[in-house]
Structures are given as structure tokens and as C-alpha cells.
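These notes open a run of structures that come right after.
Here come two complexes built around chain A, the first alongside chain B, the second alongside chain C.
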Partner chain A sequence: MSRYFTEEHEWVEVEGDIATVGITEYAQSQLGDVVFVDVPSEGKQFDKGDEAAVVESVKAASDVYSPVSGTIVEGNDVLADEPALVNTDPEGDGWFFKLELTDASELDGLMDEGAYKKYVAGL
Partner chain B sequence: MSMNNQGRPTRQSVKDAANGAQPTSTGNRALMLEEALIFEISDSTRTGVDLLDAPKVASRLGGLERKAAIGLPGLSEQETVRHYTRLSRQNYAIDLGLFPLGSCTMKHNPRLNEKMARLPGFADIHPLQPIHTVQGALAVIDELGEWLIKLTGMAGVAMSPKAGAHGELCGILAIRSALEARGDKRSVILVPESAHGTNPATAAFVGYQVEDIPANPDGRINLEALIARLGPDVAGVMITNPNTCGLFERDLKTISDAVHEAGGFVYCDGANFNAVVGKVRPGDLGVDAMHINLHKTFSTPHGGGGPGSGPVVFSEALAPFAPLPFVERMDDGHLALIEEESAQDHHASSFGRMVAFHGQMGMFTRALSYILSHGADGLQQVAEDAVLNANYVLRSLEDVLDAPFGDAGPCMHEALFSDAGFAEGFSTIDLAKGLIDEGFHPMTVYFPLVVHGAMLVEPTETESKAALDQFIGALRSVALRAKAGDESLHRAPHFAPRRRLDETLAARKPVLVWTEPAAEQAEAAE
Partner chain C sequence: MTTDYIAEMLERIPDKLLPLDAWHRARGGRMVSFAGYQMPVQYEGVMAEHLWTRENAGLFDVSHMGQVLLTGEDVDGALESVVPGEIAKLPVNRMRYSLLLNDEGGILDDLMVTRRTSDLYLVVNGACKYDDLAYMRETFADEVVITLLDERALFALQGPKAAEALSSLIPEVASLYFMQAGAFTFEGMSLWISRSGYTGEDGFEISLDCDHAAAFADRLCAIDSVRPIGLGARDSLRLEAGLPLYGHDLDEETSPIEGDLGFAISKRRRAEGGFAGAERVLGELTGGAPRKRVGLTVEGRQPVRKGAELFVGDRLVGKVTSGGFAPSIGAPIAMGMVSAANAAIGTALEAEVRGKRIAVTVAAMPFVPHRYHRPKAA
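Take a look at the complex of A and B:
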């Protein structure tokens, strides 16, 4: 099980060919209080970089991109009632969606935790 | 000398200073009155009008008749007047002080405009009156339209759109119609990051796919990126000029030429026209459609004070597709209202109708009054003074506030700052709330998105140097507190009728309907 990060501040956790996607602690701190989350429904297909979810905070609405290509197997429906989970546990219970990977080699282009930390420090 | 010391004291004694004051039993603060919701102060036994009892009639509504009371608040006329007057005293308005909301052009509304708009010949007419009885009103629409065409260097104008975003919709619908008329299927509208937030929403609403074009580090459109994206699928671009960073898009002519070359159209968001009115004609820059916010540039009231009005000017290429109705001068000198498409004349391609009648008549009268009282030279000075005032604000504050594009040269009508340099944990929202305590409406905050913690200040031309200095002084003092990490700023405003509101809770669990406390309790008990 390993975790990857994108420059758009999404994290991807891979277990077998299922990837769980959410936004990072840094992203939630920049967004401020999240008030609305729209996650994709099962069966939707995304290419890497497609807009897959929407997160709305008191400050602004932002798109969440799919960091890898795949088919949605589950959206985190709990977020509809409890968007605050994105603030309190962004890299745990506040996950957005799980998808079945189309091409595991896409993960190679993503950052590991150390590289992402360095990237954020440079912002 | 015998001195009378029995008179009324005119100076506050040290003892009375606010710090030691008791909270009042009413919750009122001197003559600033607390006000409950209208439902809380009303009951069903009171009314402001005497109505006859309804006659008893046999109901023909079957099972559909109302079973409970309608639930309107019951108050006497005086109670109603007091309720709204009390609320209005907690409000802030351009008639109370400087209103620096960036991108909104909150300028003074000259009282002459109001006088003109209240003339019975304009105020007391009805859109369905016979045309020969409203020739004067139609002449106002016609003459204002002529001015807008002349000021923008365009070929035609649609007067009916009701405000900025409605004008955008009008422009993009015209672009779509023009493309459809030549059988051209294009699916993409390009919107630079420096454009107004409504632009992408408009394009999406019309059914286009919206694609961002990045901004350069200097706050202007990335020309290369835009030109590289043009192609047979691009219907047009939507550009705000001057843009939301308060900067003039210098490459607009080059952009327009490239867009036209690629078969697309150029929409310009004219919300910031105040900075260039009388100086730049968008038609000369290759713009195909642009809305003009009469309620900004031409001083018709807005921000709760009046309806918007967003006429759209069109280039030669788009004018035939403009929406109905038109005011047109006939050969005999009379003004007619063209309400239907007719194949014989140049209205055959109109994309249809956007509103029931002719547009915002009251706004037309005010805008024309403003234009005529300023004259062409006066309008030029409007733009010059608006830009001068904004630059005065920019340069007076750049030693305490970070001005991200301060080095890019003078700004246009608005000055843009970021929250860089604030103490850890302090943000633009704290400064904005602190400004309320200082007696000012805050500027536009967190927009444009290209700047971190953006603060967008548009002073407009109607503020004197003294008023600007007062505002600058207030903003400077709050900015210094934010930089020094003054904790009290986190709890600001301290002196407003309401303290900092829980915006998160309001967004997550909005309460949109008032429920009678008894009903609420019953619901909770269930």
C-alpha cells in the first residue's frame, strides 16, 4: 500500500488496483471551512486530469481532478451530510472517491510524501 | 465673575466612558436600535389596511383550498415603517460614505438623475400604453442607445438586458446565433483567469465548454497560451477589460485579430468600462459584443438601491442577431417599437426576446441624464479621475500592503493588494472585519482568485482627496494591526450591530424559513 501526491494537492492511496483519492491537509487548510462536496457516482469513467469532484468552501468552489485514469467504484457519500470531514480528516475519513485503475503506470509520474512535502514548502 | 455651572454638560465625563457602561435592558445601544424579525414583532390581529370582510361564497377549489392561515406578518403601517427604517439604519450605503467594493463602481448617484427619472412622463407610464403616447420615453431609449454606440465605437445596441450577467448571456447567445447561421459547430469558449467570475458561468449556461487561459505573472492574459488554443472548435473568448487585476489588457487588439482569423468572436465584459469611458472605444479593439453596466459606469443606483441595467453593444458582424425589441426611428420621424422578426428588414436574424418589455426604463432615464450632464469631455474626465484616485490609493498603501502588480505600472480604476506580510494566522477577512469597525464597507475580498487573499479597492472618481485620505488612514491602521498580529482583529467587528457571523454554519446548515417557535418545539419533540 503506498500513497502518492499531485501538484493539485490530491492524494492517491493504492491497494491492489483500487485507488482512493482525496485532497491533502495543505489543500484543506488553504480552502478553509468546506461547506459542500460533490463526489462522482459509481461507474463513471475518468481520464487522468479530468474534473471528477467539486469542493466548495466558504471562500471558493474548486474542482478536484482525477489524478489517474479509471472507473469509479465508490464515492464517499458521507461527505454530502458531513462536508466538515474534509477539514478534520482530509487524508482519512474525508476521502472523496475510489476508482479502479486503468493504467497503474500513471502513478509513476506522481510525487511521494517526501517530494510533496518539499513541493508544498516551496509554495 | 459669576459663572453659571448649572447648564447642560457638553463634554463627556470620564465616568461615562463606554468601558464602564452597563448593558442596556433593551439591547439597544443609544439610538442604534435592536430589531427583531418582522414575524417576531407581528401578530395576526393587526393590519395596516382596512379591508372589507370577504363575502361568503361557495368554494369551487375542491380539496385544494388553503387549510391554515397564510402566515403573513400583521403590523400597523407605523410598525411596518419603523421596522424597515430601523433595519436600514444598520445598513451601509454610498450615501453614507465611501464604498470601495472593487469591480462594482459604487459611485455617487447624482440627484439630478433622480429628478429626471421621477418626471411623470417617465415614471408614470406603462409598457403597454399606445406607442404614440410614449414617444418621449422611446426617445430616451433611442438617444441613450446612440450614446452607447458612439462611446464604444460599435454598430448596434440591445437595450433590454437587465444587468451585467444578463448582458453576457445576450452577447453569447448572439455569438451562438451567428455561428449557427453559418452552419458552424463550435463548442468551446475561452475565458482568461483575469476575467469576471460570471463569464464562465454564462458560457456554460449557453451550453459551451469553458476553458481557462492562464494569466502572466504581470496579471494580464497569457497571449501565447490564448493564441495557441484557438482553432475551429473555439466559438469565442470572453475578456474583461480592464481586467479584474485592475489592469488594461494591452494585447486585446492582437487577441481580437487572432480570434477573428480563427473564425471566433470576442466578447468583452464591460463592467469596468468606468476606467476607459471616453478614452477607448472597444469597437476599435475588435470587440464583437460588450455589455455596459448602466448601474456602474453611468451612475444608476445599485447594490440594493435599484435594479441593474446591462445594454449590449454589437459589432457589424453580430448586430443582426441582437434580441428584440428595438426602438427605431421611422421615416416620418416617429419612434416605433420593433417587436417581431420580419424577413423584409434587418431584424430577420434576431435570436429572439430576453425580457417581456423594453428594459429598465428608470435606469435609462438616469443614465442619459448622467451622460448629458457630463458631456463627452466630462465622461473623459470621469475615467481620468477614477484611474487617478485608484492609483492614489495604490501608491499610498503599497508600503504597508503587498501590491502584487504594483510594479507593472499604473493600475486602472481599482487597486489590488494581497495578504502577504500579515502575521501568521491573520488573513484578509480579519482586515475586512476590522475595516467595518473603522466605519467603512470593506473592499472586495478574495477576488480575483489569481492573488492570495486578494483585496480589490475601487474608490471611483466621485470621492474627494479628503475622503480618500480618511479611507487610506483607516485601511493603513488596520493593515498595521494585521501585520503586527493584533489578536483583537480576529474578533472584529467589535462595534457593528452584529459581531462576526458563523459563515460556515450558515453555509452548511442554512435556515431559510422562519418557523414559529411553538411549531419548532413541536417538530423537535417528534
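Take a look at the complex of A and C:
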């Protein structure tokens, strides 16, 4: 099991050919209080970089892009009633969606945890 | 020189810093660009700051706003030529909300006007202040002297514990009622304090020398019930209170009647007119305006924000002018400008957000009741 990160502050946890996607601790701290999350439903297909979900804080609406191409197998429906999970546990229970990878080689272009930490430190 | 060039040059003008810039940063304020200033949008978080203000007392630095003095000959007449409010009979140390109008009756800014012993003291929006000054200079006779008090800071202390907190430092402020003001001193500082604000709560606005601002803010924040509050909560608080934000809910195209601000047109001025745009404004007062600013409650949890179009079926009937999540209500709310036929309370509309329709309903404002400190009826 390995975890990857994007410059748009998403994390991707890969197990077999299923990737779980969420936003990072840094992203939630920048967004502030999350009040609404719209996650994609099962069966939707995304190319890498497509708008896949919406997260709204008190301040603003932000898009969440699919960090890899694939087909949605599950959206985190708990977030509809408990959007604040994105603030309290962004890299755990506050995950957004799971998708079946179309092309595992896309993961090669993403950062590992160390590289992401350096990236955030440089912002 | 092209306008693009001018726009580009304007963008290169760096934001100004508030007199308390370092103070905000030291308290964890996250600074953003607003109205040409670096301003704190939040400290610990918008939601917590909002709720703190509704339950305790919040200190807002609004030094970006324009504090303007009018002195000289016939300042009342001059100001009355561009606002629809009763200025001539405004008593000393009383204040009034008013609107700066252009010749077409459009709102150039909204402002507070206070009569003081020897001047009129105006507080105008930060983003409009230089345009307001230019407009007044152009409109007023040379005998009216217009002075921007750019060496003065401005705070707002808002919330149910604001009076207790401020009167622990300056006991005399307890005697002020809503929309009254006066001069006070505290440890050698001269303060101009009014009982007013932009949150719907009881509270005060405090004008003082920039040099004293940090020391005074420290004294206030040393009180357990007082915390610094950022722009983010200022916006959600005023939205819940149903108070319009210039540049969003009001603009140059909007008349006072469209803005649902008819209360700002005083009785004598209704009868006499004699202010910029009076023809349109008084015409709309009797005949109705084509559009109206309304409150909107929103179904579900997704916030509906500024710019979202409002529909009845396929018909476009208006636009959302501000919107967001209301922490004290626990649901999204909004304000919009809609056609008169769709402005009645209870009217069902749909807002389009990212290609999706969200049900909204025209609602009475304020969304959260005002708690101003008014004299008790005998």
C-alpha cells in the first residue's frame, strides 16, 4: 500500500488497482471550515485532471481534481452529513472517493510523502 | 495610454498595510488582499470567530474604511444634495445610515453620517473612499472642506458582551444607545465612539489615532470575552443580519428602492426631493422599482454564492449578490436581486450552481434577529 500526493494537495492511497482520494491536511487548513462536499457517484469516469468533486468552506468553493484516470467505485457519502470530517480527519475518514485505476503508470508522476512535505514547505 | 495599461499599472500598486498589520500577524491573522489593503480574513477560523461574536465580543479592525470630515459653510446642504437622508435635523452626537447617490439615483456608496459639534463625520467603504472624495469635491461648493482622516484607525467591538467589555475600560460608553456617539478619553487617548456596527449585535465602533491603535487593541483583547475577528466572519455576520455589502448587494446601477433601503429616505426628503437622482428614487418609491434586493433561504447544504443566476422554470429572474454558509443558522443563506414580480416573501426560485438547480425561497431578513441596544419604551 502506498500513498501519493499532488501539487493540488490531493492524496491518493493505492491498494491493488483501487485508489482512494482525499485532500491533504495542508489543503483543509487553507480551506478552513468545510460546510459542503459533493462527491462523484459510482460508475462515473474521469481522466486525470478532470473536476471530480467540489468542496465548499465558509469562505469559498474549490474543485477537487481526479489525480489519476479511472472509474468511480465509491463516493464517501458520509461527507454529505458530516462535511467537517474533511477538517478533522482529512487524510483518513474524510476521504472523498475511490476509483479503479485505468493506467497505474500515471502514479509515477505524483509525489511521495517526503517530496510533498518539501513542496508544502516551499509554498 | 490604454485602459488595459492603466489596469495593469493599478494591479502593480501594492496593497497598503493597516496600522495594525504586525499586530494581526502576531495573533495568527491570515492576511488577504481586500479593498487595497492587506487584511486579516481569519485568525482561528471563520466559524469559531463568527459564533464567538454572537456569544461574546469580537474585535474587528476596519481601519481600511474611510473616515471623512465635512466642515465649512452649509455642509448639511452640500451633503443633502447627494444623499436622501435627513441631515439638517440630525441632532448632535446622533448618526444615520445613508446612501451616496449619482444623478441617475444609483448608489455610489453606503455610509454612516454623524453630526458632531463642529463637523459632519462620515464613515465610508474602504474600496470606495477615494471615488467618494472625488465625487464630493466635484459636487460640493468650494466652501465645504472635505478631510480624509487617514491618521485614524477604526475598530468595531461587536457582540452581547461588547458593552460590558468596553465599559470596563470606559464606563461612560454604557450611556450610549444604538446610533448615538460621543467623544471619550482613555489613558490619554482621544476616542470617538459610536454604538453601531455591522453584525446585527449590540456593539461599538471606535475611532482613534493610529499611534494608539495597537495599545488599545491589546487592552481590549486582554479582556476574557474579547477576541480578534477577521473579515470572513464579518461577512457571514452581516449576511445573517441582512445588511447589504456595497459592491456585492448594492452598486452604481442599484437604486435605494431596489436595494430595499427605502427607510434611508427621510420623510422631509420624500416630500421635497432635492437630492441627486431624486426623480428616479421618488418615482420608484411611489410606483415601485423593477427589481428588489431579497433574502434567500437555501435548501440542502450547498452554499449558493454571488453570481449564481436565479430562475423560475426557464425564466431568468435575478442573480445572487452574496451568499454563504450561515454559522448561527447551520445552513446556507443568500441575498439576491430579483425582478419585482418574484420578490414576495415565500416565492420559490431556483439557483443554478455548477449546472445544478438548487431550490431557494425568498425570505424575510434579518435571518438572525438584531439585538441593538435601544431605549426601552416607557
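The definition used in the following text is that the second predicted complex is superposed on the first by the 123 of 123 C-alpha atoms of A that agree within 3 Å, B and C clash if a C-alpha of one lies under 4 Å from a C-alpha of the other, contacts with A are read in each partner's own complex, and residues count from 1 in each chain.
We adopt the following convention: contacts are C-beta pairs under 8 Å (C-beta built on N, C-alpha and C of every residue); 3 or more make two chains touch, one makes a residue touch a chain.
A quick note: this is a predicted structure, and the numbers were derived from the prediction, not measured.
Participant: Applying the document's definition of touch, where does A:80 land relative to chain B and chain C: first, second, both, or neither?
Facilitator: In the superposed model, A:80 contacts chain C only, not chain B.
Participant: Does the superposition put A:104 against chain B (first), chain C (second), both, or neither?
Facilitator: So A:104 meets neither chain B nor chain C here.
Participant: Which of the two partners, first being chain B and second being chain C, lies in contact with A:38: first, second, both, or neither?
Facilitator: second
Participant: Which of the two, chain B or chain C, is in touch with more residues of chain A?
Facilitator: C
Participant: Once the shared chain is lined up, is A:59 touching chain B (first), chain C (second), both, or neither of them?
Facilitator: It touches chain B and chain C both.
Participant: Touch check for A:115: first (chain B), second (chain C), both, or neither?
Facilitator: Neither partner.
Participant: Touching chain B in one complex and chain C in the other: list those residues of chain A.
Facilitator: 33, 35-36, 58-60, 83
Participant: Enumerate the contact residues on chain A facing chain C in the complex.
Facilitator: It comes out as residues 32-33, 35-36, 38, 54, 56-61, 80, 83.
Participant: Which residues, counting only chain A, touch chain B once they are in their complex?
Facilitator: So the residues of chain A touching chain B come out as 33, 35-36, 58-60, 83-84.
Participant: In their shared complex, at which residues does chain B touch chain A?
Facilitator: Residues 446, 449, 503-504, 507-508 of chain B touch chain A in their complex.
Participant: Spell out the part of chain C that touches chain A in their complex, as residue ranges.
Facilitator: Against chain A, chain C makes touches at 41-42, 45-48, 50, 232, 236, 301-303, 305, 324-325, 327, 332, 354.
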